[in-house]
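In what follows, structures are represented as structure tokens.
Shared between the two complexes below is subunit A, which pairs with subunit B and subunit C, respectively.
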Partner chain A sequence: MVEGKKYRQFRVNKHLKRLMAKHYALGRYQRYWGRPLHRKLAWITSGAPVELLRAFKIYSVYPEQYGAICSTAKATEKLCQAAEAAGYSQDLCSYARSHIGSILRPDLAPMQGLPKPDLLVACNNICGTVLKWYEALAHLLKVPLLVLDTPYLPGELTEHAHQYVLEQLQNMVRQLENLTGRKLDMQDLKRQMARSAEMTKFWREIRELAQAHPSPLNGPDLFIQMAPIVAVRGSQEGIDYYRKLKAETEERVRRGEGAILEEKTRLVWDNIAIWPKLFNFTKMFTERGACFVTDTYSGGWAAELASGDPLESLAATYTNIFLNRSPEFRARQMIELVEAYEADGFVMHSNRSCKPYSLVQEVIRRRVMEKTGVPGLMVEADMADPRAYAEESVRTRVEAFLETLQAL
Partner chain B sequence: MDSTMLTAEKELDFLLEEAALRGKNAAERYPEQRFFGYLCSYYPEELILAAGLEPLRLLPGSGPATPAELPSYCCSLARGTLAEAKKGKSGLVGVGMAHTCDTMQCLDGIWADRFGRENVLTIVPPVLLNAPGGLRYYQSEIEALSAKLVRLSEVQKSGQDRSYEPSNNHGTEQEDAENEGNRFESEGDGEGDGERQREQALERAWQVCTRARQLAAELDELRSRLPSPLVAALLRAGQLLPKERFITALETVLPLLHTKARENSGRYRVLVSGAVLESDSLFQMVEDLNGRVVADDTCTGYRHYAQNTVEGVNDRIAEEKPKDAGNPRNLDDSKDDENLRDSQYKIINQIVQRYVNMPPCPCRSQGLEKRLDYLEALALERGAQAAILVIRKYCEPHAWDSVPLRERLETKGIRTLVLELEASELGGQERTRLQAFLESLGN
Partner chain C sequence: MEDFFVGVDIGSLTAKVVLVDAQGQALAWAVDRSGYSGRDVAQRLTQEILEEKGIKVEQIKVTVATGYGRVTYPAEREVSEITCQAKGIAHFFPGARTVIDIGGQDSKVIKVLPGGKVIDFAMNDKCAAGTGRFLEVMAGALEVSLEEVGALAVKAEEHKAISSFCTVFAESEVISHVSAGALKPDILAGVCDSVAARVSALVERVGLEPDVVFTGGVAKNAGVAKALSEQIGYPLLIPENPQITAALGAALLAWGMG
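Moving on to the complex of A and B:
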């Protein structure tokens, strides 16, 4: 039931909680079950080719996702301060700072920090920061760091860039063989990739259901429900969960049930969520009948795997990630979302912690407004650090934007 | 003073004046040249020269800049250079971006949006310089960029496209001067001639850049015996002047500098590491506070010129050489064609080797330890007692490295100050910090 202006909860959320709790519990106790089975634990960036690690029976956890958990658990500020006291600038990514803070001060950290990894895997397709962050982690923890360099694409993926990434993946296979003592089973990699593709397909289809009027999904749903596609991508449990979520979302569409009561305005969201204020921020919109029907952030995990043999496919898929593309590409993507989801406007989170996402937003905003005729609002905040959120200023801007939009 | 020294003094004044101008109105002051702006030391100047253009490093103007395209939490280098470009009238043929950090990646897109992708030529060097396939990839990027630069130069020269700055109308007289002014191009016709010209132009450009780097190295060797702001300004001038004019001037000036060089007894010996410093403010302040910059690791300083040869890279290039490189494409190809392609391949690889072997930059990864080792060795070799790690506000790569770098240098007994600056101009607060830091070295 939607009560008042609150939005509708998914019944499957209880399964989501169980799924994610199990994922983190397995990580936490990996040293007990993983070592006897000769299975390693990796910390991995969200844009790294996890399918390859799965084929080597490596258990992966995501410090970026942990950064979001720290933020929703209201632990970010103190963890960031711990990192800042150790010399890390306040201008660095708040996920990175809070994660480093959790290593320096586990007593302040949710779950007392992430379990110590056997190796680190970073791919710079989402930002250059992850490389510096993981270099710092390797320096602090004295564990091997494997890096996949996916060249930025000002235009389309070139043959030589594809070849370069492919050669690195081939080398990463050799490194993983040495680290794990296992040989790569190409059939297993294909199976991992097939599961990844299936899960991604479910996620894409779930997101597309929000094209219905009213939308069965709102921004917080997208941000919360994306957890499995990030953390357990390629797992059977993940596929099973998304099957249930899809069924419930379809049920909402059949019944004409919106994620919020009385959907009046449909919006597209751009950038990572403002985790410390996720519900507080969204409430300003839901109170006025505005629903975030889609977004660019969680959509980043809905891209199809490229064709070709497994390593060629991974090379193309992971280099073509939207954050590794030009503002022109990203503007086109936004325009397509505005059109496909029949949005009345869009909101961009100018995120101090994520420069590759944010620094080009003004250019994208102008282009999308020009091509679609819908207005776009820019709100400055931070994905994890609550100190960068100016409540009153944000509220004033949001109210003015919605008043204008709804008067049109 | 004899006439040689008098000429040298004049040339020194000229170089210092050029450094102070930061490249402003370069096209007006050198109407016979066609300037191509670039933003990072990883942008191969050789390729710009070989295309018949003059490289000009883009620097922010003085004072705060707030272009609407960029948010406040973006470094002043990006904001300042974009604001300068938006003023127009730069007279540039185009602009080159080398992918380095997230901010430069975004600036590339913003610049292309504003000035047209065809006028913004981007190179994306490998971040992992020692990754398998990295050299071959880098070579392909350099070859592609070289072709784009030549095309842009030709289109611009033939007057087909003046869209970079529509307000800038070049007259016929200037076009004639431009055509005459290019010493990197030679007459010829036919495809084979074109290839040969390209090879010659690349070879000539390589020689010019190498000469500039040799002179810069000689200057860098003198730096502990010369005023720090003087050395910084001269090195910056070399990125703002027509390259051969810089070489002529520095060749004239260096003998004078040798006579002026004095041992810096009593001054604190300092290493400075950071990104772009568009003014001499920091160097002047160090000097004023009884310090001397004996080692420089800045993008606009010696790092821009360093041309080391590291063993093993040639072997890697040979290993990664494509199977058809330097070989005839088909049976009809002549021996001359084969030699030509092999020769071009070698020049391109020389260029690749130079950029791969530049002193480690925080935006390129060869493992964090390599950069720490390099800076530790540089500090020890130059006898630095202290290090100043300059971080431009919001510059993430340098901010990240500053933590382990300070730890490493301090472990080796080198006192280290992390100095965060909004731009390259220092104020009272920075002076107080620097003074306290340098004075503490005497204790």
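Moving on to the complex of A and C:
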């Protein structure tokens, strides 16, 4: 631990850095190793059925994760300006704007932008913006776009919705067979899915360890450690990494070591991280002994794979993503987190970029406060664009909120 | 030697200082524009109060600072203006359950328990709509002093609607009304309605419970008070000196710590 800092670093972080660097390097040099092996490169949305692409030996990179990388690398503002100058509205998602900016101005972009894809795969289970964003990409790059339309679920998954998504997946299989010149190997798809399930299980178990007092994980840990489950979901390296992370997290719990030095207040986080201010924002909480013990965002990747044959399972799993579900479902989820992690309060990031995540938060906030009796704070910011962050007004809200939770 | 306690509230527009004695009674207060250095202004105000009352600096046992300038002010404790406001209001109005505070840069709605404990609050987002600054810009466009706005607005015969929340766009709406020959009171009434509408939405967020207290610099504006009361459908209790309630809350917290 670095002296003066109020949080503990994970020793396994060095492996994480290596894992992610390798992932991006493989993407970058894919044209050298991929072409001879007839392996394609895809840009995909975070909620797309990557297991199917893996079964077609397609290498996938995630523009959304790249958007977060741009933001922590302080490149978002200029990339967004480049996209805005090209006519993309400031009201659009900042991941979309910065990513489009990175195509228009690779000189301003970390790693000179993502390696150019052979195809695009968008699934609208996380939001509707991805459809137009990926259409713009297909137009800019002249590459095929495959879309998976998952109907919004006001209640539980219906047979009709399940069948509708399943048929699209069957169609996607045919498209991928044409694009790659390979036949789908059902056994390989099963193997890919089994590895996804194993990795997801590790991620779930790691997150659950934060039910301990003090919590071995804080918000930034969750947001940083989620990188593998997003970017290398279903890979053996990802599983191996999470095994190490789980062991170190268990060690913290055994020794009673918290993620922050003195845990006084336990909080639940809702919405995507505020990447441009991740540490600066969290510091206001850690300084006052408040720890984000769990969150809805990185928890989105901890959901179990549904049963059934491989395509049926993918159809159900990816339609059931929490962002594709009702405010009632999401309120229930928050209530369960507050209870299971014995939280004293919760903080919602009203994220200017992410409309489906943010629009219903006020309704959820009230319901969770009513059911659990713990207070909830709303802060306005943006997941990537630093121009949407007002430091002083955020500080006032955070201080006032913590004053209601902690005695003066 | 008797102990004294000070609350300092450095807002975006004005700095306020309140002095409290060992019994928790407010002895004196002062208000001035924050200007370039709110900290310097607050220090000067404190000095003036002390001189006027013949109190030595050493007799100040605890100072609590609040407002945007709280971080730079040399105080024993910094406390957010939400907590301070709730404390100050509970002192004057023990029955208050909802506090509406409109200041220069912020508008807030605070839900409180008896004794002034905060249970929930909502604030305006990163925008001047629904704040004193909004009123100031519109008053400027109409060449009316900020103090006159309320008195003129309540004389309106017809309210000219201002639909834009954006301060710059709203200002051009005001100018179009002027060009169309509208009367100042009518335009100002529309401006006050606009502020009230924005704040009513915040009230809805935390849920309204009487008694409702309206405080902060803008509470001195009769036009906003009237529009707000009509929109939320409740009478508003307004402190005699609404600008200093957060500073008083800070002073009372300082007193509680001493």
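Going forward, the second predicted complex is superposed on the first by the 402 of 408 C-alpha atoms of A that agree within 3 Å, B and C clash if a C-alpha of one lies under 4 Å from a C-alpha of the other, contacts with A are read in each partner's own complex, and residues count from 1 in each chain.
Just so it is clear, contacts are C-beta pairs under 8 Å (C-beta built on N, C-alpha and C of every residue); 3 or more make two chains touch, one makes a residue touch a chain.
Since this is a predicted model, take the numbers as computed values, not measurements.
In the superposed pair of complexes, A:396 makes contact with subunit C only, with no contact to subunit B.
In the superposed model, A:362 makes contact with both subunit B and subunit C.
When the two structures are aligned on the shared chain, A:163 is found in touch with subunit B, with no touch to subunit C. Of the two partner chains placed around the shared chain by superposition, neither subunit B nor subunit C is touched by A:107.
In the overlay built on the shared chain, the residue A:408 is in contact with subunit C alone; subunit B does not reach it. When the two structures are aligned on the shared chain, A:375 is found in touch with subunit C, with no touch to subunit B. By the touch criterion defined above, A:342 lies against neither subunit B nor subunit C after alignment on the C-alpha atoms of chain A.
Counting residues of subunit A touched by each partner, subunit B versus subunit C, the larger count belongs to B.
Under the contact criterion defined above, the residues of subunit A that touch both subunit B in one complex and subunit C in the other are 350, 362, 380.
Of all the residues in subunit A, the ones that touch subunit C in their complex are 350, 362, 366, 369, 375, 378, 380, 388, 390, 392-393, 396-397, 399-400, 403-404, 408.
Put simply, subunit C touches subunit A in their complex at residues 68, 77-83, 106, 117-123, 125-126, 205, 207, 253, 256-257. Those residues of subunit A that touch subunit B in the shared complex are 86-89, 91-93, 124, 127-129, 131-133, 135-136, 138-139, 147, 149, 151-155, 158, 160-161, 163-164, 166-168, 170-171, 326-328, 350, 352, 355-356, 358-363, 367, 380.
On the side of subunit B, the complex with subunit A involves touching residues 68-71, 73-74, 78, 99, 101-103, 105-110, 112-113, 117, 122, 124, 126-128, 131-134, 136-137, 140-141, 144, 362-363, 365, 367-369, 391, 393-394, 396-397, 399-404, 406, 418, 420.
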